[in-house]
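Two complexes follow with subunit A in common, the first pairing it with subunit B and the second with subunit C.
Up next, the complex of A and B:
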């Protein structure tokens, strides 16, 4: 067999092996969570707040964490999108695309992306103390938004950069301004991609424990205002896994399963919605 | 009808000189074909006329382009008003991500037409002008991207005409079309030249012979020769034009 054929085989084998590694990783993770958590997962768990002695194996559920996580992640995603979209637009050819400033902004976002979320948590905590606030829903949303912002902005930037120059030019040649072109042509064209970018950030946000540890706190109750502390699913998993009781540890897996299902539902919903809203996009 | 007068137009992209000292007056109400081999600057010439060159980075434009006596390259020139005057039809039809109706209504809406009935009338009139109306009148609300390529190009023509431009800039408008669709478009051009000044960039020599009243021959960024079609095709004076027309260079 010639050397070229050997290389071809090797490349194919490498691709296959990597794919198998990725897929089996997913299957194993989900499998372990389902195997350990499914037995503890029941209606009581998703519909009730923890009652006394829940962490010792008592009755109740993790409704506080489910609601908390949803509010935290949705709030943070909305807040991050309010900043990420303008940043991403600013990086396009119409505004500062391909200039040195754009390079600096992109580089900064990439760096921010790599910062561990516990650092954002610590930063948020310092900020809260400076402002004289305590761990609260507000603090958690802001810290999570910081975690989500770089991913969302860069993902949106990449999506926007995929819009062909000819499409923008078609709009300009009709006498449209930059903003009109953005608003009426570019954004509708990439709407699906922008939603995906927001989802990516949402997924990271809702699963993040470290950034909300100091900033959102933890509580067995539902928050009544932005100033109240709030529970979250990742922390619920963390605390339950930390107990010495096998029963409670099993509930940790069930909580993780709930987290997975929440992400799945939101992802499917937004994909369906996106498909309906982007039927005009030009291929 | 706008009058176009180009004086000493030079365009460079970084170090690459795309156009060198082009000076020409475009005849009104006629089809002027810009011909020449690939990379000779035809498209750059066209794009300078509605300042789409602004979109490229590192581009430097000098000289004057006078449209009705006003230099559009001057600082402070109103680019959106200029582009409204110059309809553009590009090589590949580029429909906008919206319905067929909204594609045609895009320009008029930008320029302030809000009245529903008037928009309806404008859309129908221009779709008819582009001979597309009968094919799409029952699905005006459908995505424009669902049309065939030939239909898309006619939609782009309708969209371009709907802002009531005075000049049509066409960059190889039939290059990606099947022969039947191409013929459709060519026929339209012949009718439209009564009311519009048409500048047609083409690398199809036979198309230029069929349609052009006036011809500009470009080579390596220079405007080598220009004149009435008959004269230029039958008796080119420059050896480079002769070489191109006889097929020595293509």
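Up next, the complex of A and C:
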């Protein structure tokens, strides 16, 4: 008996140790980024475009990357939502939910979820070449939308399935069509959840570097049209870190902190919104 | 057929509100169908596009020669991907060896042992950290893990591990090595593995746990012999998901792994994984003949491996569900 207790003790210690290790590793990551970034983060960093000698240590900031990342991620999220929402509807029982083809669609979403973003980037770039375009805001939005699509569609599917069947049945019994039921009964119920799903994808998109590396390009200016190249925060971190000048590398740390703050704000926002918007939803 | 008679023949009138409502319904159904088909063929379309673009190089060199070839000299028309594939495998396998036991133990702790307070603290943390961008993890690697390896682990290895296979020190790497990539990746995939594994464990019926406990098993015995056994396919899927995430991860690894074209012989040696190869060179060296074709072949190799592992995970899960349903 004492041997079994010793095993129990040992197992619990190992589990506790693992949990502490994981949590402290993750907290340490955030802590190090905050500590290093805060040192060189100032108002100039977030409010100005890079000046001529910026990458040699000249004045300026990463406003181009901040604005660029926001435009890219908003565009990609809207584009992905246009595909993800119909797909999520398709997976509901009213449409093709419980049939074999829905299983195939769900499986495809899982496959898409697993495809590395660098592959989406390479695919996006071959598309651009095929269409005779160069790296641009348009290309970046499409590549990012591909990255975001499976995340959003899966999340929306889960959200829609939480709506009680009785609610839908009540609507059908009044003679509503499927679309009317979705539009007037189901979607208002899960509006908060859908926003959360979109924010989840937005957060993933804004931090993704590999997919926009070839498709969006990089520039020190703000984009004026969909054909212009556009800068992004993850690439700003990457490029500034790659320069041999310590002061520019310091700015990479600050840019990483800006990116981290944006992602954390989105994460917190989605939690708060979920709570607010689902306050009156029928459970 | 009675039903055919009973149903009024659908007559179409623009002014009839009912047919307008039906049209709207059909239209949305059509959109739902179209988008779902789009999603379904997307994977195949990506694979086809990459294959199409790597055909020029496949016409020049046999596939085996490209995948197993040891020399990478694009200027001389030599496109051996072996060093890159081995680099990816080294980094990913190391990351999974580090992450899997720790993450599974953490997931078991969260699902089986942790009190409500610990759960409420750790779970949102894991969720938030799953969303942190890979460049941030990469920067952490550059700031902390690389110096740690250079200043502490390499001297330690020089003292105690010289000559040990797979662990021999390489001071010249400056800390940018397979181990740095593995550690960063392990940290990155941890939230993914933990959240999926915990969900799987929570799905195990309480009844079978109680049955085991009522027979006098300790909690750990119940976990080891009953819960884990029941949850095994789901846990395999969680690990495979983490694996495929790690396998294709680009930026975080690229920043810390050294990027030297040579198959690594030790965890302290630098490596050059496939995604890093694509990210560093694609879009630039387009004037070298077949270069972009070789890089897209590299992307195709990545895609095929990741798809194979994901299909495997789906298969394992489907098998488990069928077994559970019986």
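To be clear about the criterion, the second predicted complex is superposed on the first by the 241 of 283 C-alpha atoms of A that agree within 3 Å, B and C clash if a C-alpha of one lies under 4 Å from a C-alpha of the other, contacts with A are read in each partner's own complex, and residues count from 1 in each chain.
Note that in this section a contact is a pair of C-beta atoms (placed from the backbone, for glycine too) under 8 Å apart; a residue touches a chain by one contact, two chains touch by 3 or more.
Just so it is clear, the model here is predicted, and its values are computed rather than measured.
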{"item": "Which of subunit B and subunit C A:11 touches, first, second, both or neither", "value": "second"}
{"item": "Contacts of A:117 with subunit B and subunit C, given as first, second, both or neither", "value": "second"}
{"item": "Between subunit B and subunit C, more extensive residue contact with subunit A", "value": "C"}
{"item": "Which of subunit B and subunit C A:167 touches, first, second, both or neither", "value": "first"}
{"item": "First, second, both or neither for A:78, with subunit B first and subunit C second", "value": "neither"}
{"item": "Contacts of A:131 with subunit B and subunit C, given as first, second, both or neither", "value": "neither"}
{"item": "Touching partner for A:95 - first (subunit B), second (subunit C), both, neither", "value": "second"}
{"item": "Subunit B versus subunit C as contact partner of A:200, first or second or both or neither", "value": "second"}
{"item": "First (subunit B), second (subunit C), both or neither touched by A:184", "value": "first"}
{"item": "Subunit B/subunit C common contact set on subunit A", "value": "177, 180"}
{"item": "Of subunit A, residues touching subunit C in the complex", "value": "4-5, 7-8, 11-12, 14-19, 21-23, 25-30, 32-33, 36, 83, 86-87, 89-91, 95-96, 101, 104-105, 107-112, 114-123, 125-127, 135, 146, 149, 153, 177-180, 182, 200, 203-204, 206-210, 213-214, 234, 237-238, 241, 252-253, 256, 259-260, 263-264, 266-267, 271"}
{"item": "Interface residues, subunit A side, partner subunit B - complex", "value": "93, 98, 164-177, 180, 184-185, 188-189, 279-283"}
{"item": "Residue ranges of subunit B in contact with subunit A within the complex", "value": "50, 52, 55, 57, 80-84, 86-88, 90, 92, 94-99, 106-107, 110-111, 143-145, 156, 159-160, 163"}
{"item": "Residues of subunit C that touch subunit A when the two form their complex", "value": "21-22, 24-25, 28-29, 31-36, 38-40, 42-43, 46, 49-50, 53, 101-103, 105-106, 108-110, 113-114, 122, 124-129, 131-140, 142-144, 187, 190-191, 194, 218-221, 223-224, 241, 244-245, 247-251, 255, 275, 278-279, 282-283, 295-296, 299, 302-303, 306-307, 309-311, 314"}
